[in-house]
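Chain IDs A, B, C, D, E and F follow the sequence of writing; residue 1 opens each chain.
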Amino acid sequence: MKRILLTGAAGNLGKALRKQLAGWADELRLSDIVTIDDLQEGESFVNCDISDLQAVIELVKDCDGIIHAGGQSIEGTWDNILDRNIKGTYNIYEAARQQGVKRVFFTSSNHLVGFHERETLLDNDSPMRPDSLYGVSKGFGEVLARYYYDKFGIESTLARIGSCFPEIPNRRMLSTWLSERDLADLIKTTFDADRLGCTMVYAVSNNKAVWCDNRHASFIGWQPQDSSEPFADQPHLIEEGKRNDPNDPAIRYQGGAFVTAGHFDDEQE
Amino acid sequence: MKRILLTGAAGNLGKALRKQLAGWADELRLSDIVTIDDLQEGESFVNCDISDLQAVIELVKDCDGIIHAGGQSIEGTWDNILDRNIKGTYNIYEAARQQGVKRVFFTSSNHLVGFHERETLLDNDSPMRPDSLYGVSKGFGEVLARYYYDKFGIESTLARIGSCFPEIPNRRMLSTWLSERDLADLIKTTFDADRLGCTMVYAVSNNKAVWCDNRHASFIGWQPQDSSEPFADQPHLIEEGKRNDPNDPAIRYQGGAFVTAGHFDDEQE
Amino acid sequence: MKRILLTGAAGNLGKALRKQLAGWADELRLSDIVTIDDLQEGESFVNCDISDLQAVIELVKDCDGIIHAGGQSIEGTWDNILDRNIKGTYNIYEAARQQGVKRVFFTSSNHLVGFHERETLLDNDSPMRPDSLYGVSKGFGEVLARYYYDKFGIESTLARIGSCFPEIPNRRMLSTWLSERDLADLIKTTFDADRLGCTMVYAVSNNKAVWCDNRHASFIGWQPQDSSEPFADQPHLIEEGKRNDPNDPAIRYQGGAFVTAGHFDDEQE
Amino acid sequence: MKRILLTGAAGNLGKALRKQLAGWADELRLSDIVTIDDLQEGESFVNCDISDLQAVIELVKDCDGIIHAGGQSIEGTWDNILDRNIKGTYNIYEAARQQGVKRVFFTSSNHLVGFHERETLLDNDSPMRPDSLYGVSKGFGEVLARYYYDKFGIESTLARIGSCFPEIPNRRMLSTWLSERDLADLIKTTFDADRLGCTMVYAVSNNKAVWCDNRHASFIGWQPQDSSEPFADQPHLIEEGKRNDPNDPAIRYQGGAFVTAGHFDDEQE
Amino acid sequence: MKRILLTGAAGNLGKALRKQLAGWADELRLSDIVTIDDLQEGESFVNCDISDLQAVIELVKDCDGIIHAGGQSIEGTWDNILDRNIKGTYNIYEAARQQGVKRVFFTSSNHLVGFHERETLLDNDSPMRPDSLYGVSKGFGEVLARYYYDKFGIESTLARIGSCFPEIPNRRMLSTWLSERDLADLIKTTFDADRLGCTMVYAVSNNKAVWCDNRHASFIGWQPQDSSEPFADQPHLIEEGKRNDPNDPAIRYQGGAFVTAGHFDDEQE
Amino acid sequence: MKRILLTGAAGNLGKALRKQLAGWADELRLSDIVTIDDLQEGESFVNCDISDLQAVIELVKDCDGIIHAGGQSIEGTWDNILDRNIKGTYNIYEAARQQGVKRVFFTSSNHLVGFHERETLLDNDSPMRPDSLYGVSKGFGEVLARYYYDKFGIESTLARIGSCFPEIPNRRMLSTWLSERDLADLIKTTFDADRLGCTMVYAVSNNKAVWCDNRHASFIGWQPQDSSEPFADQPHLIEEGKRNDPNDPAIRYQGGAFVTAGHFDDEQE
């Protein structure tokens, strides 16, 4: 592994990845719109607004791979989604094409499939059913990645990340939880695999009650090690269990509270 | 967990469940047509003939859930099947509707799919192919449960129980065996899940040679812990292995000896 | 074709079939609980309550095939459903077994799958999702027929009849309509086929907007000739079209008004 | 049918639709960025740039349905695709939501699935494999439409239009051709159906050699009447047939020449 | 169309094809082990034993395509099957490779799938279940064709021919019948298609009761025009219908009498 | 277990199996064209050319089962493939039929499916796509085994062996590796199972990155214990990883270098 770009490096996911990936690449090039000034050995930093194509073309130069964790990571205004996730993701792939970068780790989201019921076991054939404009933008990103693969040979992992947090605030996350370690392993697998294709992976840990099946991706060899089970006995989760109503849409659908939220722009007014 | 009804509590399955579920519910309300007089702490008893709708309506009152293990559990005369399994199961669901009980654990059976060959890996799409009127009555129960779910919102686990016995008398059961502990875990999972839907589960332990795939039900989080493998070296099983003929219908089909039995009423004459 | 029994011969379907099948069998043995006194050439009549097993055993004697159109054909009280459809259908198959009748045409119903949405194209793998106790009883009948096929070799057509009426009172029936001629052709095909197995068929005509796919049954060679399209321009249907709401459950689900009806017994009180 | 909006009314598709739909709606409200001055009876015109949300909100006011044929209809620069197809389509759906319009006909494209080989029979489960940024933008539109359906109940036809031209310039179009009449019928079906859901349709005529299967959409009742077959004997098509190489990517993949084109922006420099 | 080789030209199928294809190719090069001396305009003849590789290499020289109808066309001794069908088919493909012939029409057979029951609708995913060594040899041919396609780019139609006869001697052939005209159309389609791949087709006419589904091959555009239906009322077929037993293996399985025949070599002794 | 024949006993696989199976059978009858003179207790030896049917009929006499590991185990000339694998395998099954041997372990190969891409998860429905004439011959063997099962009741395991070697020379084998112990367990399972049918198994160990799914065969109860993972850190594999190109056909396709080799006979000249 040589020079890998990490976008969104100042965000929560970015911070977790810097720790997990320490020492893994020859150079981990961090980028964010916010300055990072605690660089560790093996890290460099480039300030960059990913909605600026020319800046992104400069940013990816000489990289051997890209971990694209930048952009809006929850629901936002349409303008934010458009600028940061739609233009931002286009810029990353187009810059990769122009600069000859051949492999991308794209942080997609479970919110791209949030309107499936919990009874539906998701696999590689499940239709996209986003629960938010944020989810829609991840659908755009996945379709775009497929285009850059089929036409220009850029390989991608499309990682539909569940919930990558150090703690588990609600029972839904017992199913969607992804440990930072398992995420880092998926990234390493992405760049180690002899062949990657353009492969979607449900990025959740080896939890007990799961809503997805990654068999189609077993050829890359990612096997999550962690489980949410040790968290399951926490009092706030037990208490929540007593209140939960199976017909509450936030329980019925996989996207949780995202499916019950209205249009974000309405709420801004 | 609060007040749970267990029907068929005096039967073999009922007895095993009383032991396994001790201390789990605030009240485990036992019922049977036979009197139970060794009540343990947390248990109550109601004598009830489940083929009597009014009695069942009384029985389920104030319950938070029902484990329906009552009725005929092997092949019987048509009159028995009709009274105990068809009318009995209707009465349970109709009483649940009238009394507002929202969740049922229904003991279905592998004999609902006994005419599939061993080579057929059963899953959620496998057609019903009963090997007995007993199996037919379980098909009725599953279809009825689906109706009460779709129209009245009563959730169910439809547990196609393999062979829940302390010992393994024949080689077929190495594949169909279900430990009492794994059964109890499935029941607990049923009433703990935030959402259950109307979910069929092949209720067998984590055996080595299996005929079914429960992936579609992984969202509820049941993972059997036990295996029949430690029993496999018993002399009577090894001896049987030397005699078995792959073309014997009782070996060819999953239902075992049930597929070779004639109509029960003939044999009664 | 020799001697064929037609149960429910005094009902609407029975009357239509007598006309359509005139001259087809050597003897068409009619039966009903109601007396029929306008016998035509080639017809005979036996008064019979199909909930009486011994009477049914007598009824089917010397028959070469059975068209079982008797019983409750819409939602009814549980007692009616139990007596006429569950016991009645058991009696027909058990009598066929005892008397050596090898082929049965069973009138199942679209109400066995009425809780599927219109967007769902039904085929041979669609799960049973009844919209009524009537629909549940048809599920019992189909599972029973499968049992008598797998164990005793009695072949059946399981005809999930849509709406077999001379007129089309509402827009839903543009999709579910079955002409009397197409129904009669399906019956003739049933008894003409060299091999029938136990085959489910969605019995609807060759309508324009269809909700089901019969490819799995193409081996028997039934090809409906009629279509509801000529009825589509009737004023009451055009008027209804202006009022219909896609989110009305009676429009959303295939079963129509059956899915919005409550429990029949409630309404009798 | 009452007031229907047609966007892109000055384009080729728009012109064809005005002819085909003449007299169908009470009012056909035309819109385009280009002025239309040959209004026919029943038509009105609103000049509108669909990349301007506020203008689109005004545009859709009081409409009962929208035929969205506006935007970029072939490959273009990324800026064009972004403005006209991504922002444009968002604006249409968001305006529909704000103004209470409940049904949209969205002109998607076969170029959303252009990287499938001809041997692949496309159906409702086929993954999106766009052959152009234009195709990617149609993927965005379909995912967005699904979001507005699942969350806000706006129904859509997602019509993956093949090649809707009066003449057939090349052999590929023998398979992808859609007559103007069949397109108009699909639009009428869209707004006549009692329930539409969010339904993708491969919009090609009843051609002889087809690459797609619309069975999943048979519930809406669209049956194309025309065929490209009468065009097949034209000399230029016969001549082309002698030259075609099965390994030419433009022959191998369904998208034709789109799959061999480079990035459009490169070519603009 | 230019120079096309027809092997097995002196056999029944070969004779029928010579008539049907008259005038279609610039040169139809006939070959057989038996001399043909009634050459028509546009025909040439080469005497050739297809089990001789060097002879076959000479035979295919300068051909633009091959219709391989030579070899054993019914069950035979293993030595015959080996020489004529296994070595013969290898020789055809290997000669095509050495001489640069890019397209082959291979006469496979329904006897490659003869052990499927009639209830099984065959499609592109149906496993090979031959009913004879003859059927096994056709499986060898199909697998070999796939190899020569994947590695050397030789395209093939793998035509699983049903029963191509001028008359219909038994009821089974009402389902498997292929008219000579429909066969010729399939051959013409094979050599006219812009792209063929390596495509299996169930070669039966548009009969009423069919056991197979060719949807996967619709991209090549073959639509059979004829039907066995006009033959159905012949007295010998009606008589046979009265005798047929659904449990007779020759009725139960698609291969008919082939499934009940023993090993051919036994019968030769 | 009684008398089991092992063909190809002098080859590498044969040698490994002799060690692994020591003491398992009452008699392990070894055969090869090469003499074996280090017989161990429980072993016997018969010199035999498997391309000679009469010799093979003698060879299998009184055996209770056959492990057929003889023949060509890599690509070879067509004459070798024909003699040793096609005639050889026919002779084994035909001799088994004549001598009443009811169960065969057939060493098929991953090279029967070598032209699938790594992204394709192979299962029981995957079409045969051989990468060599060797692979084609294994396809012949599997189809032949199915014939002898359907018609004559001889059960088989069709073991598509990956790479059974003590060392792992290249990264591809991290996915295809099969330990000798796991192979021996599969053989024991084959002859211990109460019913085997004609069951294909992908014979690879429990490796991390796998290309196949054996769920359909779980009824026989084989669970590989070993993994290639301990080999993964060897320097030559790490070095290779730095060089590998995902678009190299030997990386893209599962068959590895076999897919890039030309016709073997060309290379012999």
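The rule is short, and it goes like this: contacts are C-beta pairs under 8 Å (C-beta built on N, C-alpha and C of every residue); 3 or more make two chains touch, one makes a residue touch a chain.
Values in this document were obtained by computation on a predicted structure and should not be read as measured data.
Q: Which neighbours does chain B have in common with chain E?
A: A chain counts here if it touches both chain B and chain E, which gives C, F.
Q: Give me the set of chains touching chain B intersected with the set touching chain C.
A: Neighbours common to chain B and chain C are absent.
Q: Count the C-beta pairs in contact for C-D and for A-D, then report the pair with the higher count.
A: By number of C-beta pairs in contact, A-D is the larger.
Q: With touch defined as above, tell me whether chain A and chain F contact each other through largely the same residue numbers, more than half shared, or through different ones.
A: Since fewer than half of the residue numbers are used by both chains, the interface counts as different.
Q: Nearest 5 degrees, what's the C-alpha rotation angle taking chain A to chain B?
A: Answer in degrees: 120, to the nearest 5.
Q: Taking the mean of the C-alpha atoms as each chain's centre, how many Å separate chain C from chain E?
A: 42
Q: Calculate how many whole Å lie between the centre of chain B and the centre of chain D, each centre taken as the average of the chain's C-alpha atoms.
A: 52
Q: Averaged over CA atoms, how far is the centre of chain E from the centre of chain F? Could you give it in whole Å?
A: Those two chain centres are 31 Å apart.
Q: Specify, in ascending order, the residues of chain D that touch 2 or more different other chains.
A: There are none in chain D.
Q: Touching pairs of chains, all of them, please.
A: Listed in label order, the chain pairs in contact are A-B, A-D, A-F, B-C, B-F, C-D, C-E, D-E, E-F.
Q: Provide the residue numbers of chain E that touch chain C in the complex, in ascending order.
A: 117-119, 121, 171-172, 175, 208-211, 213, 241, 244, 246-247, 251-252
Q: Residue numbers of chain C touching chain E in their complex, please.
A: The touching residues are 153, 155, 192-197, 199, 215-216, 218-221, 223.
Q: Touching chain E in the complex: which residues of chain F?
A: Interface residues on the chain F side: 78, 82, 86-87, 90, 94, 97, 115, 125, 127-133, 135-136, 139-140, 143-144, 146-147, 150-151, 259, 263.
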